[in-house]
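My structure is below; once you've seen it, I'll send some questions.
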Amino acid sequence: MLNFALFGAGRIGKMHAKNIQSMAQANLKYVFDVYAPAAQDVAAANGAQAISTIDEVLNDSEVDAVLIATSTDTHVDLIIQAAKAGKAILCEKPIDLDTEIVNRCLDEIKECQVPIQIGFNRRYDPSHAAAAKAAQDGGLGKLEQVVITSRDPGMAPVEYLKSSGGIFRDMIIHDFDMARFVLNEEIVEVQAIGSALVDEKITEIGDVDSAMLIMKSESGKLVHVNGSRRASYGYDQRVEVFCEGGMAISNNQTATSLERYTKHTTQEKAPLHNFFIDRYEDAYNLQLISFIENVEAGTPVTPSFEDGRRAQMLADAAQKSLETGEKVVLAWS
Amino acid sequence: MLNFALFGAGRIGKMHAKNIQSMAQANLKYVFDVYAPAAQDVAAANGAQAISTIDEVLNDSEVDAVLIATSTDTHVDLIIQAAKAGKAILCEKPIDLDTEIVNRCLDEIKECQVPIQIGFNRRYDPSHAAAAKAAQDGGLGKLEQVVITSRDPGMAPVEYLKSSGGIFRDMIIHDFDMARFVLNEEIVEVQAIGSALVDEKITEIGDVDSAMLIMKSESGKLVHVNGSRRASYGYDQRVEVFCEGGMAISNNQTATSLERYTKHTTQEKAPLHNFFIDRYEDAYNLQLISFIENVEAGTPVTPSFEDGRRAQMLADAAQKSLETGEKVVLAWS
Amino acid sequence: MLNFALFGAGRIGKMHAKNIQSMAQANLKYVFDVYAPAAQDVAAANGAQAISTIDEVLNDSEVDAVLIATSTDTHVDLIIQAAKAGKAILCEKPIDLDTEIVNRCLDEIKECQVPIQIGFNRRYDPSHAAAAKAAQDGGLGKLEQVVITSRDPGMAPVEYLKSSGGIFRDMIIHDFDMARFVLNEEIVEVQAIGSALVDEKITEIGDVDSAMLIMKSESGKLVHVNGSRRASYGYDQRVEVFCEGGMAISNNQTATSLERYTKHTTQEKAPLHNFFIDRYEDAYNLQLISFIENVEAGTPVTPSFEDGRRAQMLADAAQKSLETGEKVVLAWS
Amino acid sequence: MLNFALFGAGRIGKMHAKNIQSMAQANLKYVFDVYAPAAQDVAAANGAQAISTIDEVLNDSEVDAVLIATSTDTHVDLIIQAAKAGKAILCEKPIDLDTEIVNRCLDEIKECQVPIQIGFNRRYDPSHAAAAKAAQDGGLGKLEQVVITSRDPGMAPVEYLKSSGGIFRDMIIHDFDMARFVLNEEIVEVQAIGSALVDEKITEIGDVDSAMLIMKSESGKLVHVNGSRRASYGYDQRVEVFCEGGMAISNNQTATSLERYTKHTTQEKAPLHNFFIDRYEDAYNLQLISFIENVEAGTPVTPSFEDGRRAQMLADAAQKSLETGEKVVLAWS
């Protein structure tokens, strides 16, 4: 049984609280949020205790793990404190928008032997995981190309996006992680293009809402990612692995398996899942189960802090390529 | 908050216990099973109390509802006792294999004003429910034909099937209920054929393992059901509604949305869900939620005892048609 | 090179003329129609000669084969004359609406050693043929159930249907042949139900527009056919074979492989092919090629006159079952 | 009726000869090939005359059009001669591997008022054409992204590829044309990466066998193409258009609509069409019909010589980007 403290009681924090509470092998003890009423609501709904400072958590030896779902700019500070207090950590992505700060965080905690898992939940999606497995288990021969489609259902207000770090660090970072997960090796070249096609006001904040990437891995495998802040037909999430002996596609999913036939169309299905909480419901649960099992067994959690840092560096490279129009080469050594 | 007692701690009882316990609006208080260790295990896993007689339940005024998941031959007795004790009842199908006994049960409890819901969970499957809605909401015009495919993944031993009541009362009864649900009117003619194709030993117990039905409703709509005790590719569960202005199919579902392309085949998907606990996971939960909400609101539960009785009568008619080779006409008055 | 005379220059005759003419191994020499201008048009469009009596054909020793695509009531007379003149015959289905007349035809021609192929073109559809092959080649184990969906896109005027022989002899006769083709054994029991759901005026002519059948083969395999005179979403033509080790479905086809995703629906495809000339374009050509090749090689043509007669007898049985409400048993001796 | 001369009697010439001959509105008069027996075979099979020099064609005033299907290095010379002789021209892609030569050809023929159509047949594929229409007809709102998958079923010997001009000029040139067709505006930025993943010997001839592109159009739309010389599951040809209000995908096609369900996989379909002659059968015919109709009506043929030249320039740009690692900007003015 793992005792959790949850930091952050917003939309995603609420979901995590429910997931923790539904598991026999986990218990939610504390909920913290800078906005106290949010913490109180989530705590009450899940039989936990709302707290107003995180010290209570850090000093309570019964707390085994913290789940960090606060705003991005607080992640690093909370990671450092929790790590120094010896708590296992499951932190939402990204670690921070600034890789320098991520690196400094790493320095600070390098002596702490706590497990830190970054919330790239899509690795735990059964269909994406099956695609990654197909890319690596040899059944289709060696992997040659990866094509990832990543389109959010709707665009947040430009005002909000201002502090998002840009489309690569905020949104496509998931796909950098997915690419690394599927490839099972590092990406060494990144080229990016982008446009303001959904809302041209996005250019005022130096960002784009539509982007395409081509990347090359150490052994020469090719990767494409296309992303958009708005897909009118729902949350479009596909991973295609093209191999020597075949191909596997983790395709989109609909809420029901109903197909409709009418005078004008056939085999119509329902719209895609609206967004991540619906689409990745299983992934969020499986991510948590994996974290719990590894923490209890003392085995490594995954994806790791270093996975989070590397996805971040790929996002930085993409941003640089977008801005300079040039290929960015990464040396990982 | 509804307090439940669970009668029956076998495979399906275990699932119900977990479902009850995962819901904020329900609590599992007692678990009973004739085999005490089973009751103890399920009770322990869900924070409930194992009991050795049902009297404790019937005398405990805190118990609002009983969920009956014991063997079929005990259903009627438990329904009568629970109804007389004023408990709301959710009973697994079928009520009994013998319609006479079902009718006598009805006589016994007709003064009891308790809600009784029969566990035809498939009505709550989101895809089948969407098909039923498509058949009735007018968007596709009036309904004309219903085609139901109902094939279990694997056949139980003939020895076990001996006391099952036959393929119609044991297995296809779900499809009689589905047909009535989708049609929204009564079936008045039934013709059935069957064969022993999976295991010819089934003939020794006077049963068949493969069956086909054609039926007609009051207004002349046509219904087909085909069933088999064994589909090697998994649990095949489809509902097709053919209407004046189009068609809707509640199609099969696979565990992932992965599609594979190889030298010999393309668009391969994973096998179908193995059986009802996987395939109808949502349906079992939604059935329970509906029961809880209706009991708490004092509104009618559905499907009702009468729905259970009528599906039973259709199963009887099918059995009679199989045996006589003749069309059986039902008058519902 | 096979020289053809075409009898009948209506819609389907026109298609056959074009198919014959497009083949390197065939030549269209004559076109006959009771309505001379139709014959002239089709002859002109295909470099053939329009004729006003069939004697020219029967006396022309250069003519190897006749393709009969006239109205049903003339088939038998033309078959007899052509057979006696020693011509190979490809005759559209049905041979005649009256099985007695078919039997008399058989008597008349039994000494003629000419190849006679009946136009059950669907046997030559690559997808249906693949389903039949899957049912028989052992890869899926032994066949247990066949489910055929057969829905025309639109209903002809009731006035026209008056002389059609009824839904079984006119339309579903194709499916009786398909069932025999897929089963590779005889059907021995037939039960049918039907309703007037599309246009209730059909009852005035003693017919139905919607029908369902269940049938059993010699070895106990089960067959279902459902049919409708009108499917608003196009020509619905499916063949499902359920076997010991798996299932194969010859599914519907759309004109393009375009899939559309919108706010309200996903994976929308184009409507189904409108009707037989589009849907079975390949089948009509492959049927003709098979006829030509077998005639030239002196090998048996298929489906044979006897296949045509047996499908007819199944249609009679279905009609009788519909009228009497009883199972009809066939003895094939 | 358009009289054709065919130059080139190889695999694709043979197909064109058959297509011309099957059309009522066209006639194949001459067949020329540097290898006389090939010309004779194709001429004989299609009722045409084999010739040993093209002068006979150019001097025969009955010849309306020439179809050029010879080796690429002869295209320009044949175009110039035929244009000067006043013949309408349908020329296989590419015009030439060297854009300088294409430009000189343009200079030479600029006074000739003959229609010249380049054989980018995929524009005529009904599914790709439907995708292009969906991108432009406004039903899905304005176009934002195009994703093209272009994978050949198998790789030609490296020895043969030596003179192919490289993957972009030889193979992906079709996709540059498709991108321009779907976009309906020019591409102004090209970035390419590539690897030798199928056969590393390809590097010895300075080529790659796997490539990815990202491109931007004048108005900022984003385009991705991925290509491979070898897809083990068949000829993978997809066009996806992502728009403001939805998405359309021209998906792959299989030879039959059969779906198989087995113990290990479900919804298996047949392999994809093997290669272009099967996959684009309709497209080749529709391309020819369009050419004939436009030539006869005196309306512009499409895609034009200029379309051919521009696809060529995009291939050059891609090649340059691959070699330099830099973005190539095109000014079309």
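Order of writing sets the labels: A, B, C and D. Residues in every chain begin at 1.
As a convention for this text, a contact is a pair of C-beta atoms (placed from the backbone, for glycine too) under 8 Å apart; a residue touches a chain by one contact, two chains touch by 3 or more.
Listed by chain with UniProt protein names: A, B, C, D = Inositol 2-dehydrogenase.
What you see is a predicted model; the values in this text were computed from it and never measured.
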Selected interface, A-C versus C-D, where C-beta contact pairs are more numerous: C-D
Chain separated most widely from subunit C, comparing mean CA positions: A
Rounded Å distance, subunit C centre to subunit D centre (Cα mean): 40
Separation of subunit A from subunit C, taking each centre as the mean of its C-alpha atoms, in whole Å: 57
Multi-partner residues of subunit D (at least 2 other chains): 232-233, 245-247, 252, 260-263, 270
Chain contact graph, described as a line, ring, star, complete graph or other shape: complete
Interface residues, subunit A side, partner subunit C - complex: 232-234, 236, 252, 254, 260-272
Partner subunit A, residues of subunit B touching it in the complex: 22, 24, 45, 126-127, 130-131, 134, 140, 245-253, 255-263, 270
Interface residues, subunit D side, partner subunit A - complex: 141, 144-145, 147, 149, 151, 189, 191-198, 210-216, 220-224, 226, 228, 231-233, 236, 242, 244-247, 325-327
